[in-house]
Amino acid sequence: MTLRIAVFGENRHEKVDPKVQEVYPEGMHTVIADGLRATLAADGIDAEVRIALLDDIEESLSEEALAETDVLTWWGHMAHGDVPDEVSERVVRRVHEGMGLIPLHSAHYSKPFKALMGTTCNLLWRNDGEEERVWTVNGSHPIARGVPHPIVVPEQEMYGEMFDIPAPDELVFVSSFAGGEVFRSGAAFRRGKGKVFYFSPGDQEYPVYRQSEIQRVLANAVVWARPEEREAAPVKIANAQRDWFRDGAVDAQGQAVTRVI
Amino acid sequence: MTLRIAVFGENRHEKVDPKVQEVYPEGMHTVIADGLRATLAADGIDAEVRIALLDDIEESLSEEALAETDVLTWWGHMAHGDVPDEVSERVVRRVHEGMGLIPLHSAHYSKPFKALMGTTCNLLWRNDGEEERVWTVNGSHPIARGVPHPIVVPEQEMYGEMFDIPAPDELVFVSSFAGGEVFRSGAAFRRGKGKVFYFSPGDQEYPVYRQSEIQRVLANAVVWARPEEREAAPVKIANAQRDWFRDGAVDAQGQAVTRVI
Amino acid sequence: MTLRIAVFGENRHEKVDPKVQEVYPEGMHTVIADGLRATLAADGIDAEVRIALLDDIEESLSEEALAETDVLTWWGHMAHGDVPDEVSERVVRRVHEGMGLIPLHSAHYSKPFKALMGTTCNLLWRNDGEEERVWTVNGSHPIARGVPHPIVVPEQEMYGEMFDIPAPDELVFVSSFAGGEVFRSGAAFRRGKGKVFYFSPGDQEYPVYRQSEIQRVLANAVVWARPEEREAAPVKIANAQRDWFRDGAVDAQGQAVTRVI
Amino acid sequence: MTLRIAVFGENRHEKVDPKVQEVYPEGMHTVIADGLRATLAADGIDAEVRIALLDDIEESLSEEALAETDVLTWWGHMAHGDVPDEVSERVVRRVHEGMGLIPLHSAHYSKPFKALMGTTCNLLWRNDGEEERVWTVNGSHPIARGVPHPIVVPEQEMYGEMFDIPAPDELVFVSSFAGGEVFRSGAAFRRGKGKVFYFSPGDQEYPVYRQSEIQRVLANAVVWARPEEREAAPVKIANAQRDWFRDGAVDAQGQAVTRVI
């Protein structure tokens, strides 16, 4: 089955900041989407990658559009507040139903990620163009497949601990920076029927998303985060009669009970 | 130092439901508070237990009152919607700052718990007065100290899986019910600087909070959830200059930098 | 790439116990292997399933044979002590290198599982032919794909908590039994570069491995446990020179350093 | 109750290596023990700290001596192989019974730690006297109480990822080194009824154990790792009769059943 990916980009720095325009003249979203397309194609994975922008968010992340999205990557920074609450709630609901979410870099502060974490998602930061080294700390995780140890990002904004997130279900990467800080830069979470992978390398001022190793991580992440075959609905709240789960049980309407989550 | 506990009670079933009035004529909150007082006193722990009701929530869970609360237990059911959003947000913020939170039974659906979890917190349920057996699955956890294996609750509402919460940081208890369902009934989470322990046994129609084993769990839980000695503030978001953490470093105002979370 | 599976069977009860011969005249290993073949074929997965018995363990789990095994399922009970220590150590080493291991039922007490856990792996048990209900507690785990909630096993030996294992990295299933006990019956662990999934339903006296839902779980588990594309060697111990990980770095022999785990 | 601590020291480098004699003329064990005594006394904790050396290991870690030990800290490096297998097995068994274990630095390769982990415990290393910064990544953990963020160790041996341990139950500290590597330097595990806290800062050639912040961590760790009030025996393996856990149940000998883990 085709893996249906949406790449959400805020696309605001690209409009107003000459430095960003120089690094990402085509927009970060384009570079992220192209990297996914190329890497997934090389892996022989049948995938469709579309772009969703803040400017068209009501359509590109509409109820209908999200219903046909398996995994959503999310880059935002200066305009988190411009994402309508309803859209964020819709995204969260779709994660509960099974959609994968890959918040990138400054999306630690995006509305849907914060709502899914239940914490402040605060951190230390410094924009000083420092070397970042991304170390794998999980020897068998599919998201670390084919990734050098470490990935070296020549110049990057520093993100440092204490990063105020719940303990990840699986910690995949930890970064160090030239200035000495560390950061849990690749962190996997399960929420409802959906999977979330936060990945911090990537910033509007540095060509991080052009690095093939970073594109490899993103491709691995969307494959990992794709929904399992399940009904696309949140886990149920239900009043269950005694013996509802035994063969032959019927519900109040006389219908056979289906035993699914 | 005195452990300052607030016992939040919705106190609505007690006003309108004859069955509940029979089981808890003094109100569930009174039984919970008395159990904590007696059990903590037997342990030689210096504790103050106050009651906070939905009817006085603006005062009893005011900014000032919460600032002087180390651990908050929370029982609510039929009136979750009557808890003002601002109060819920205040409670969440205090957890981020270090306050312990002990959501009880139907508080799986309370506003602050849902906000801290980031999931639907849905579950199966059936009110059929079934035996519940509460099994310890963590051999070294302080919340399971002095607790029989299993605790037998003669009659209780059934709560069953799939319980839509994030995987607990520490799973302490798992329950089975006479009807065959299972439930992760004792689940510990860390959020920001605070600790959360969800404990499901306890319902308005059954005298569960009168059982000494249940009182033992609650007393263990409030001790476990008390804040560590730290500044009562959320984890910082901060722009950090290079070398800020080395001896002699000063901040932009020339002040010595303090290295705390 | 072909998924190479070995199904290890102790095959002793089958030789000496009439009740077991009646339930599994062809041997449990044959039923497990056939179930894997059929289920994986239905999923379109290219897999080879071979059988390895205690009687031929030196060959069937030799260094060479294990080197060509991606995932090993393990059923043992009355003859754990007859597994040579060297074979167990070899299996453990292969897990560290990336091989998947699926210990089944009484293999909770097998040598390689105990060595990988570092705990006693003790539990409660009772052979009383009780109904077991296997509940999914992880809404997005691939091992729970296509599995009813709950799986009902009409008759089964009871395994009960406290099960003395480390907290699983991912808890997938929890069972209840007619007698009231609960058990963490599906538990996923990562060790080195390898994955381990312990699954308890299945006993020599009951036709559990003939149930299609159980076969579905086993097929899901071997797919989950297959090694990621990595060098098949344990995580390195190495003396690392400064800057070894930067472009152009060479080792003591003047060779380019490879940055792999 | 008095907290009974044993500080195990290999005490071999101290005998043969002039550099180590200069840094730790009184032996590392003495500095560790004195630090624990002073820090615990300042906290008002009733503790007894004794020293156990490799030279007297048969007595100092005898069955009897271990039975009266609540928490054991362990430093070893060049003579791991000289620790008798029986002593290591005894230590592991005592952890299963509830004793706390605090393996320090090169004890990542000690027999009891490896047996409790079930992995190779391999890592990268470099002895180049580099600055280490120990960052707290868990905002509410008692082991991080009163600890600066980060702890700066001016000179230290580098330990780097991939550190081949199971994912810790709780990750408390992550270190970076001047050379760019990162390391999970403070990792908490539960095994059976016991707790294990691995802490890597500390090496024979650098006066790390003389730093008050490091002494603070060790004091916090022994308090966290002290056994809960429970029977000092491993989790049981037992054949359980139906209804054994209900009031009035008796065992095969007609004795009342006790419901403990």
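Here the chain labels run A, B, C and D in written order, and each chain numbers its own residues starting at 1.
To be clear about the criterion, contacts are C-beta pairs under 8 Å (C-beta built on N, C-alpha and C of every residue); 3 or more make two chains touch, one makes a residue touch a chain.
The model shown is predicted, which means the values in this text are computed figures rather than measured ones.
The chains in contact with chain A and with chain B alike are C, D. In a homomeric contact, the two copies may use the same or different surfaces; for chain C and chain D, over half of the interface residue numbers are shared, pointing to the same surface.
Note on chain placement: the centre of chain A and the centre of chain D lie 37 Å apart, centres being C-alpha means. Look at where the CA atoms of chain B average out and do the same for chain D: the two points lie 31 Å apart. Chain C has residues 133, 136, 138-139, 149-150, 160, 162-164, 167, 169-170, 180-181, 190, 192, 235, 245, 261 in contact with two or more other chains. Interface residues of chain A, counted against chain D in their complex, comprise 131, 133, 135-139, 149-150, 160-164, 167, 170-171, 174-178, 180-182, 184.
If you check the complex, the residues on chain D that touch chain B are 98, 133, 136, 138-142, 144-146, 148-150, 152, 169-170, 190, 192-195, 227-230, 235, 245-247, 259-261.
Interface residues of chain D, counted against chain C in their complex, comprise 92, 96, 115-120, 122-126, 128, 158, 160, 162-164, 166-167, 169, 179-181, 189-192, 234-243, 245, 261.
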